[in-house]
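Two complexes, one shared chain (chain A), two partners (chain B, chain C).
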Partner chain A sequence: MTAGTGHRPQHPPLWRDIRVLHALAQIVAAAAVAVVVAVLWWNLTNNLRRAGLTTDFSFLTQPLGVDIAGSGAGPGTPIWRGLLVGVKNTFALVVVGVPLLTILGVVIGVGRLSTNWLVARMCAFYVEMFRNLPPLLIIFSFFNAVVLRLPLLEDSWNPMGLAVVNNRFIAVTGFSAQPGFGVYWLIIGATLLAAVWLWVWRTRRWERTGSPHHRLAWSGGILGAVTVIAFLVLDGPVALSIPVLEGRVLEGGFRGLGSYFAVLVALVLYTASHVAEIVRGSILAVPRGQTEAANALALSPWQRLRYVILPQAMRIAIPPTISQFLNFTKNTSLAIAVGYAEITRIVFQTIGNAQPAPQLVAVLMLAYLVFSLTISAVVNILNRRLRYVTT
Partner chain B sequence: MSLETVRPTLPAAPGPSWARRNLFNTWYNGLLTTVLGGLLFAGIWLGARAVAGFDITILEVNLRLFMVGEFPRDQLWRPWLSGGFLAAAIGLAAGLIQAGSRERAARSGLPFTPTTPRDVVRRLAPVIGLVVVLLLLTRTITPTLLTVVVAIVGIVFNVSGRRLHSRWGWVGVGALVVAGYLSLAAFGGVGWEDWGGLHLNVFLTLAGLLFAFPVGILLALGRRSALPVIRALSVTFIEVVRGVPLIAVLLFGAFAIGFLLPEEVRPSQVTRMLIAITAFEAAYVAEVIRGGLQAVPHGQTEAAQSLGLPGRKTMALVVMPQALRASIPPMVGQFISLYKDTTLVAILGIGELLETSFVVNSQPDFLGKGLFVVTLAFAGLIFWVGSYTMSREARRLERRLGVGER
Partner chain C sequence: MKRDRLTALIAVTALTIAACTTAAGDTTTTGGPGATGPVGGGGSVLAAVMDRGSINCGVNNAVPGFGFVDADGNHVGFDIDFCHALAAAVFGDPDAVEFIDLTAEQRFTALQSGEIDVLIRNTTWTSSRDGTLGATFLTTTFYDGQGMMVRSDSGFTSIDDMADTTICVLSGTTTELNLATRMTGIGYTPSTFDDNGQIQAAFLEGACDGWTSDKSQLAGVRSAWPEDDGGPEALTILDETFSKEPLGPAVRDGDAQWAQIVDWVVIATIQAEEFGITQDNVNGFADTENNDIRRFLGLEITDAEGNTSVFDAGLGLPADFAAEVVAAVGNYAEIYDRNVGPDTPLGLERGVNALWTNGGLHYPPPHR
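Right, the complex of A and B next:
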């Protein structure tokens, strides 16, 4: 190309060429890692063989060897089924715990900024108290000082006949499925979608034309009407189910083990203290001018919070809050200490039954990783959506 | 006419009292105050009655187990000596930080208010209170005297640290920490396999972060590297470790590390926990340092390059020092969370503080007396004081360093 200038491009010698050096560095790093992994692998297979254990995952079909309380999985269940029960139990903590800790965290976080001195102080006390205790200690304390001190199974509490409380489990009134249950939920699901669509439509119309939206009446009305009519047409697809203790056997109701509640309450209290700090920080991070502008527009304190402060604070708070949800999920593994059969405990017990530990720990890590990485992916998308669009 | 005089005069709040303004300013605040005040009163009442009824003999008898585990009685001078070294190290470090900020203030011409002894007492009030509680549980005068000696050592080193201007001061801090370790383990002492109680928690925290630090720096640099293979390796390690709970890593340490090593190498249980904790913390430290690196403006790199510094020196002399400075407060946060997380080794039956507070309940004298509440509250108090004090100091440090301010 540059013929005629008489200038040949100068290549540095190979040992000083940056491209060569980069490639070399990567090859060396990859080779070093490969060698280490190979050595570990060789040790692993040798050690497993010497201990008379399998080197693959075929052990997953062998019997579990232990009983998982309250799940129907017994000693004869294959290990993989037991692990699935563990995952399900972990989810039982997460699904109930996350909404609870969000509500508690927001209430406490807003409470810390209250103009009421006593409220602000008590919220601060709560946060400083739980944030600085080890979560495992909180779980232990709840289990030993509260759950185990509940009455024995034989003399369970039975408040108003609607619940059964003892130191083994707590059962509350729930619902039971009658014929037509599946159809009923399908109808309700479809109506819910329709209600959401109506809500959006009314909002859009209101924004476009300014005519009153009445979106609550529209959506709520349709949902309520369909729920009631379908219930009557299907002749009662769900019924109340009251827990009754017959001797030592429980009939009906929703039942949770005492250890479940200990872990749930302890971790909700612990994680909520962190969420409260995030909420407080996010509200304080909204520039003061926004409050002043809202005051200048004569918005009421409630309107100021609802339409000006919270929407902006939410953008700041959501990513760290979701990382707290992840922490909550990871901390559910502490349930191992009080014997609640989530996945970590089942892996622990299975290792105790002379099954190969390396593979089991790998399965455990994989289970948490799938969950964590899914959530992180969602967070990344959310972050992109929530970013301020400037100019 | 000044602005002050045109300010509209608001109607005076009904009643001048503080309570009216801060507790009963609206009807719902009045309601909240009444309800919460009632709850608070009931809580304090019940709590006081419970505390008054508890038998604390279990704490008095087992104080040594709580503090240092099964450390041999005739070797107990070692933890005290080590405590002296540690107090000296903390005192010296605090003094050096003071000297540093005085110097910076002098250079920038800003006013500098030195920390007075009264400030220190106020900031360390929870720790002092805890020490008093612990000493009340002892039955002889010796621990009290030794505590006073340790405190004096700390103060002496603090005062001398404030006068020191040299970088060697920090080398001294390191040397004191090493001396603290050696006074426990070397020369016929007790290795960490047999440590326990609070002492083991502190050791696992300090050693875990100390070992994780260099690994974390390498991982953070690896994650920002221009070389795809190295970046991929670092990212994989960091994200895998951060995606799993610490217990999973500890289980790996307890049950799987043995399979990965040759037959003749069988590290002790505590060592395997330390390896697991180090691997776990390295990933978090890497993220903290990456945050610090991101906080260094790009202009710094460009300025270093325009001065003709090669890449390695740009990183080591210009970027990394600033990044490390910015990552001090989150690093303290990491330290606190590891301090709380060291309780997890209890699940694998290692006698740290939480495990101790559990097993003392199965001693014949206390079996079945339901004293879990007492022992767990005691352990909780110790963890709380350490973690609360450190988090407050971290916040101060953050303000003082001016990082985190936008």
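Right, the complex of A and C next:
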């Protein structure tokens, strides 16, 4: 390959050829990684075998043995289904928590830049307090000092008859399915897609021609109309479900265990403080000239924020905010401290009940990896949509 | 491409964990991998213990009477005394023990990885723990059973009354398995924590109606219930016992010698009770004519012609290990009465934990 001393005498010998050296370095590095991996793998299997422990995943079909609160999983449920309940419970924290912490974080972050002294001070206080406490401490405090101090089951609060609050669970009014429920949601789903398409179409038209878009009226109108008409045609496919406590039994409503709310509120408060700082930093990172330009165009403060500052700040804020979403997801494992049955809790519980730890920990890592990669993927799609388009 | 990287990432992380486990395991091996030691453990635990000069004993620190840290920071309790007994047998020094506090969920990993030499932490002997956790269970030290504790003013008199209640239980225990079995067909919500302190907080605030655990543990918790919250009288342990909980020491699979040592130390305490040998009189048997007792205490045995010999069971322990054990912690009855017996705050009668001669289950195999 590097022969040819005849017509290219300036070519260096092999051991000084930078390309050969680069390739060699790559090979050496790859070999080193392979050796390390092989040694670790040998270590793992050898030690497990010597300790008389299993290395396969057949245990996943064994019975779980325990009941999981707030789910149908019981002694006869296979372990893999129990693990899925854990994943579902983690998801229940993430899917509610992430939107809440985003809204709270943005409000606090913008509030901290407010020209109103009191608002700015209060937001700063909030951030400094929650950002500087360990999340486990917040969860513990919230569970022991707030959730457990709620009224006893017998003395449950029943605000306006629409909710039941005690130190075991919080139930709120929800919906219950009636005949025709499935069809109804299909119709709503299709209408929602149509509404989004209408919105986009009206927006594009407005950008192109400048004629008023009225996109809220179009989209909202069609969604509202179809919702009401379908409801009437299908003769009430959903009904309000009001939670009622009969003795110790709760009928109706959506129920969340006290431990769920403790973890949710504590982690939302904690993570929002970080998001608030990201938001504040991103707004400050928008060049001052942009504000001055908006002022020169006589935009109102709201218009300035909505059309000039926030769109640019958002681009800066999204990547670090993804990290906070991932942190939130991973921090949900702290729920173990207050006994909420998310995936870490279920995995540790299962290990405690005589199932193999290495495999279960591998399953746990896989679960968090899937969670994190999914969140990253979703937000990255959003990020790509919001990037500066250079033409 | 992306998936390859992902797979590699998972593999590396899993292996790192495995490697850490190995590192911990190596602390108990003397010959390294492939040494001539027994299969499984990687080396002789006894040799490692002798080298180190102390025994790593995995214990509880939150159950009064069994494994508890007292106001002076010392470990005390029924299980703790068996750790001392083991140290007395191996070293002749009951204090050559390192106590390692473990939660229910940590205990078997600690045993598998070699962090501890023996687990004496109110641990129930079950088939799946024997079969899949690489643990060997030894002579039962305490025959227990699961019960339910409720507030005295709750009006519950049997578990069947407790439909639709919330019940607090420690996670990763046989207790929660038994609870699920017992409550089949009775609706209930389990509230699982991995720490007795957190259960106590929830129970104090009325967030659960019942607290289920081994009856001995419930008695321990009840005995220490804060006076501000009504003291022990505020709590009632229901009569029903709904499980068998043989509690005893466990060691890693694969080292038969170490297992036998732990086994025979436990048996020695029971045998001493049967012989009537106590901490106070153990040194007074030098002239006894009873050769069973002479063998047990490692005293010289003289035949008709005046030849003497000393019995050694070949366990790898000094011939007089039983004497050391009894001198250090007393016989089984003394250990029991001191920690959990009728005169302690727990106030547990002997019941099935009596000697076989008194209608109980403790039946020591002969020492010969």
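Operating definition for what follows: the second predicted complex is superposed on the first by the 320 of 391 C-alpha atoms of A that agree within 3 Å, B and C clash if a C-alpha of one lies under 4 Å from a C-alpha of the other, contacts with A are read in each partner's own complex, and residues count from 1 in each chain.
By our rule, a residue touches a chain if its C-beta (ideal position, glycine included) is under 8 Å from a C-beta of that chain, and two chains touch if they have at least 3 such contacts.
Being a predicted model, the structure only gives us computed values, none of them experimental.
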{"item": "Touching partner for A:44 - first (chain B), second (chain C), both, neither", "value": "both"}
{"item": "Touching partner for A:220 - first (chain B), second (chain C), both, neither", "value": "neither"}
{"item": "Touching partner for A:180 - first (chain B), second (chain C), both, neither", "value": "neither"}
{"item": "Which superposed partner A:135 touches (first chain B, second chain C, both, neither)", "value": "first"}
{"item": "First (chain B), second (chain C), both or neither touched by A:168", "value": "second"}
{"item": "Which of chain B and chain C A:144 touches, first, second, both or neither", "value": "both"}
{"item": "Which superposed partner A:319 touches (first chain B, second chain C, both, neither)", "value": "neither"}
{"item": "Partner chain in contact with A:66 - chain B first, chain C second, else both or neither", "value": "second"}
{"item": "Partner chain in contact with A:365 - chain B first, chain C second, else both or neither", "value": "both"}
{"item": "Interface residues of chain A shared between complexes with chain B and chain C", "value": "40, 43-44, 46-48, 50-51, 144, 149, 336-337, 348, 351, 357-358, 361, 365, 369, 373"}
{"item": "Residues of chain A that touch chain C when the two form their complex", "value": "37, 40-41, 43-44, 46-48, 50-54, 59, 65-70, 74-75, 144, 148-149, 152-153, 167-168, 247-249, 257-259, 336-339, 341, 345, 348-349, 351-358, 361-362, 365-366, 369, 373"}
{"item": "Touch list for chain C against partner chain A, complex", "value": "6, 8-19, 21-22, 25, 33, 39-42, 104-105, 108-109, 112, 126, 128-129, 131-134, 163-166, 171-174, 176-177, 179-181, 183-184, 187-194, 198, 201-202, 205-208, 252-254"}
{"item": "In the complex, chain A residues that touch chain B", "value": "22, 25-27, 29-30, 33, 40, 43-44, 46-48, 50-51, 114-119, 122, 128-129, 131-137, 140-141, 144-145, 149, 330-331, 333-334, 336-337, 344, 347-348, 351, 357-358, 361, 364-365, 368-369, 372-373, 376"}
{"item": "Touching residues (chain side chain B, partner chain A) in the complex", "value": "22-23, 25, 29, 32-33, 36-37, 40, 226-230, 233, 239-240, 242-248, 251-252, 255-256, 258-263, 336, 340-341, 343-344, 346-347, 354, 358, 370, 372-373, 376-377, 379-380, 383-384, 387-388, 391"}
